[in-house]
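Structures follow.
Shared between the two complexes below is subunit A, which has subunit B as its partner in the first and subunit C in the second.
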Partner chain A sequence: MDILIKLQKIDRRVIYALVIVVLMVPLLLQPKGHPKLVTPEVHHAFDVIDSVPKDKMVILSSFWGPSTESENGPQTAALMRHMLMKGIRFGIVSWDQAGSQITYNIGKSLEQELHRRYGVRYGVDWVHFGYKLQNEAALRGIGTDLPTTMEREKEGKLVSTLPVMRGIKDFHNIGAVVEITASGTLEGTMTYTTQPNGLKLLYCPTAVMSVEAYRYLDSGQVKGMLNSAVGAAQYETLIGMSNVTTQASVTTWTLSTAHIFIIVLILLGNLGYFASKKAARRQGGEASND
Partner chain B sequence: MTETMAGWLAHNSTSIIIWCAALCTFAIYSVLYAENRFFRLFEHIYIGLASGYGVYITWSEILGPKWWIPMIYKGQWYWMFAAVAGSMFYFMYSNRHVWISRIIFGFFMGVTAGGMFRGFYEVYFPQIGSSMKPLAPGGHWGWGTVSAVVFYALMFSAMTYFFFSFEHKHPVVATTAKAGRWFLMIGFGAIFGATVMGRLTLLIGRLNFLINTWAPQAESDTRRIWLALVAVATWPRFLWLRVSLAVLAALLVVLLVIYFRRRQDLKQKATGTQD
Partner chain C sequence: MTILTHNQWSAISTRFYKLWVVTIADRHGWQLAVFITGALLVGALAMWMLMSVPTRFRKPIVMAVTFLGGLILALEFLISTDTWHPLTDFLPAYGNVQMVIGSFALLLGLVNLFMIHAEAVNKRTRGWINSFAFFVAFFAIMIAGFVKDYAAAKAVSGSADSIYTVFFEGFLMPLSSTMFSMIAFYIASAAYRAFRIRSTESALMMITASIIMLGLVPAGQYLTSGLPGWLYWLRLENVSYWLLTSPNMAVQRAMAFGIAVGALATGLRIWLSLERGSFFDRQL
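Right, the complex of A and B next:
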């Protein structure tokens, strides 16, 4: 009983240290397995991307930076990998200044990895439109005149001269729009890009924002969703990466370990709370008897 | 010497970036132990860097190619009106001419309000439609029916909770509103759980970097640093470096002595005024 009461008074720094130790175990072990259970929203996202015809392009609308790289990075990588492997053309536009370089680096490293097997090349299979200022005109422009709106890509070349843009003009040539974001940008994309043009929209939010997105899934405004790094790990399962160690798989294992540890801490904390309440009641009873 | 330094930097750029990132991570997370100057310093560095980078990117990717170059070099003089409109915002700092800023603020408020109206139509109207779920989807009574009933129960109870036109006195209304409050709490709990997951993911990202990127780099770099130190200390070719380091160390000692003396003087003065 005394131990339980003492647990109530643990220094928060001890708890931080314990959490870090617990998190370090799977990070050191680097487990390979991906989640076996794939949620319907991830399945739907996979189906949408998988069914995009070769003559259409997928637009990755990226609004995230270094602060949420652990969540949005694996989502971006999983989607890009799928499209590069399947030969689906895609263009990524970054609405975040720092995120522009990160998404470009992710694409480049995947291109290096997959070049030998799939022959993927920048400018032919994918393009990075660079950093663009997000406003109504830019969001509308994606659907009305993509090459003019994007004008130049990350490396400074004219977008319209690239082979990847052959036959890509407006929303008729866009297979899906994916909103990868750490901010409340979904409504803007929905209002100006996808809804007026009848485009399919996929959503890749950070975990904090994911719960509120289920209403859009329910109404069909969003066709599929990758919830944080966990959603990315599930997506990787679907593209046949279940036996490969990736950032998403390691994060998922580490998260599960951390969640178990936090549940144990909550249980112990509550037991301590009730034990201390009981002890206080007993002390009060003894005092009144005296 | 400049070329040697540039070559060294280019050769070791990855290593330097990784060390800087590790140092920043340690500095920012040091706040978990206690508020400290190391954290404050890096917090300011981060804010400064982010602002500087933001200004640079805004100029190099937006203002430069879309405004300055067309206006100055391509004869599209009408872009100068954008500068006029933009500068109108700054009149908010003048008491006499604040009305000028109100014009541009009013314009953008109107544009935003219009956009919001359209957003409401595009975003929320489809949800109102999808809330009218059939009790037997596809003509089948089954799990779809259960799902629809649960949906209606939650929706009506939550809406009743937010119905403030009259007091919730009637037992049916009061119970429904109370149930609505509970359901909302469960929803907030789910959001909070997702928040914990999100925050932990960010921590995992940094730990993953420290364990699997920085630690192996640090191991190999430590070996290289020791070798370099031995070379600097013994090889006659590095005499200039030894002398420079000695001068720098002497300067640092002098600066530290001045700093601590001044600090002591200030403390003494403060005690003197208190007395």
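Right, the complex of A and C next:
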């Protein structure tokens, strides 16, 4: 009991040091284990992407930056990998400046990795539309006239001249829209892009935002969801990467240790709190007896 | 009843759209310089005319422009997509105008930053060295970015790309990640020191949060993987999933209805310039 009371006065730097140790262990070990259990929303997301016809394009709407790269990065990579392996054309537009470069780097590294086996090429299988200013008209323009709205891709070429955009004009040629975000942009995308045009929408949020998405999953407005890095790891299980070390698998195990650590801290803190309350009551009783 | 036929609307909107396309067509060299100069002069003239408007007319002008700006999008959205209407053709142009206006906001923020930090450096206030570092970082990455784009346009290979990459991927991205990562330490410290179960509600919240946190990750799934088949519903991942898809979803939906009704009312008030503070609480 005394030890619990003494732990209440522990220096916060000790807690910070423990956080570093707990988070560093999986990052150093680089575990490759992926979750065997795949949630229904991830299954549905996989089915939506898998069923996109070859004459249509998937739009990845990316609204995240370096601060949430550990969650949104694996989601982007898993989806891109699936589409590149399956030969599904996709275009990615970023509404964040730094995120634009990060998503471009992810695409380029996957292209390098998959080029030999699948013949993946930029401008033919995928395109990055670059950084655009977020506004409702641009979102709506994606559904009404995609080449004119996007105009130029990240490397400066006119989008309409690229082979990947052959036959892509408006929402009739878009198979699905994926919203990968760390902000509350789902409603905007849903209102101006997918709902009016009947497009299928997938949602890839950070973990704290995912709880708000279940109402849209239930109503069918969102067809599938990848819940932070865990959802990305589950998605990688579905595309046959369950035994490969990826950022998603490492992040998932880091999350595991972090969550358990936080729960242990809360329990210890509350046990110490109750112990100190009991001790205070006992001391108060002894003093009144005196 | 329609005022004009479909073909007449189409002809009018096509004519306006072609005019817009000519306006924003690609230009190079002296044509680009003339176009930019002309655009600046037109903008300055428009600004001067607005500033010259008598005070009592400024508020109605702002209200009219606000109303028309919202009306275009509202009409285009509310009119059924089964019926053709001319506003759809203007949306790409409208989007470009919005992006330009958004750029003004960027510039405004930049000017504000410059004024604040310049004053700090000038007066040598406490922490002025950080303000000086702002200017160094700003101009360093700006110049690196311009040099990189210039080198790319001229197809010149060299160190320009590497310098930009060092600044962007070596400094900016790790620093952004670091700022966000510091939250982890504060959360751990708060979880240990501040989260106290003082009531039934907080106990319920803590138990629910623990179940959902553990149900989300593989370690939590392993904890209850040994439960027999007939107790599968007690496994952490299943309890967590039920909590998210049943009570949580119902509460989120109820909150969303309330927020949406409030947002609709507020949006309508802003669109009609009825909101207090639309004109900074003083006559423009």
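Heads up, the rule we're going with is that the second predicted complex is superposed on the first by the 290 of 290 C-alpha atoms of A that agree within 3 Å, B and C clash if a C-alpha of one lies under 4 Å from a C-alpha of the other, contacts with A are read in each partner's own complex, and residues count from 1 in each chain.
Note that in this section a contact is a pair of C-beta atoms (placed from the backbone, for glycine too) under 8 Å apart; a residue touches a chain by one contact, two chains touch by 3 or more.
Since we're looking at a predicted model, the values are computed, not measured.
Peer 1: Could you tell me whether subunit B and subunit C fit or clash when both sit on subunit A in the superposition?
Peer 2: clash
Peer 1: Touching A:H259 in the superposition: subunit B (first), subunit C (second), both, neither?
Peer 2: A:H259 contacts both subunit B and subunit C.
Peer 1: Contact-wise, after the overlay, does A:Y16 reach subunit B, subunit C, both or neither (first, second, both, neither)?
Peer 2: Once the two structures are laid over each other on A, A:Y16 reaches both partners.
Peer 1: For A:Y273 in the superposed arrangement: first (subunit B), second (subunit C), both or neither?
Peer 2: Touch partner of A:Y273: subunit C, not subunit B.
Peer 1: Should A:T149 be classified as contacting the first partner (subunit B), the second (subunit C), both, or neither?
Peer 2: Once the two structures are laid over each other on A, A:T149 reaches subunit C alone.
Peer 1: Once the structures are superposed on A, label A:S160 by its partner contacts, choosing first (subunit B), second (subunit C), both or neither.
Peer 2: neither
Peer 1: Just subunit B (first), just subunit C (second), both, or neither: which does A:G141 touch?
Peer 2: second
Peer 1: State whether A:V211 touches subunit B only (first), subunit C only (second), both chains, or neither.
Peer 2: both
Peer 1: Between subunit B and subunit C, whom does A:Q195 touch in the aligned arrangement: first, second, both, or neither?
Peer 2: first
Peer 1: On the A-aligned overlay, A:E71 touches which partner chain: subunit B = first, subunit C = second, or both, or neither?
Peer 2: In the superposition, A:E71 contacts subunit B only.
Peer 1: With the touch criterion stated at the top, can you tell me which subunit A residues are shared between the subunit B interface and the subunit C interface?
Peer 2: Subunit A residues touching both partners: 16, 19, 23, 67-70, 98, 132-133, 136, 196, 207, 211-212, 215, 218, 227, 230, 255, 258-259, 262.
Peer 1: Which residues, counting only subunit A, touch subunit C once they are in their complex?
Peer 2: Against subunit C, subunit A makes touches at 10, 12, 15-16, 18-19, 23, 33, 35, 37, 39, 65-70, 98, 101-102, 105, 132-133, 135-138, 140-141, 144-145, 148-149, 156, 192, 196-197, 207, 211-212, 214-215, 217-218, 227, 230, 252-253, 255-263, 265-266, 268-270, 273.
Peer 1: Going by the contact rule at the top, pick out the subunit C residues touching subunit A in the complex.
Peer 2: 73, 77, 81, 88, 91-92, 94-95, 98-99, 102-103, 152, 168-169, 172-174, 176-177, 179-180, 184-185, 187-189, 191-193, 195-197, 206, 210, 213-214, 216-221, 237, 241, 244-245, 248-249, 252-253, 256
Peer 1: Give every residue of subunit B touching subunit A within the complex, in rising order.
Peer 2: For this pair, the touching residues of subunit B are 32-33, 50, 53-54, 57-58, 61-62, 65, 115, 118-119, 122-123, 126-127, 129-130, 187, 190-191, 194-198, 200-208, 211-212.
Peer 1: Which part of subunit A faces subunit B closely enough to touch in the complex?
Peer 2: The contact residues of subunit A facing subunit B are 13, 16, 19-20, 23-24, 27-28, 30, 67-71, 73, 97-98, 100, 130-133, 136, 152, 187-188, 190-191, 195-196, 206-212, 215-216, 218-221, 227-230, 247, 250-251, 254-255, 258-259, 262.
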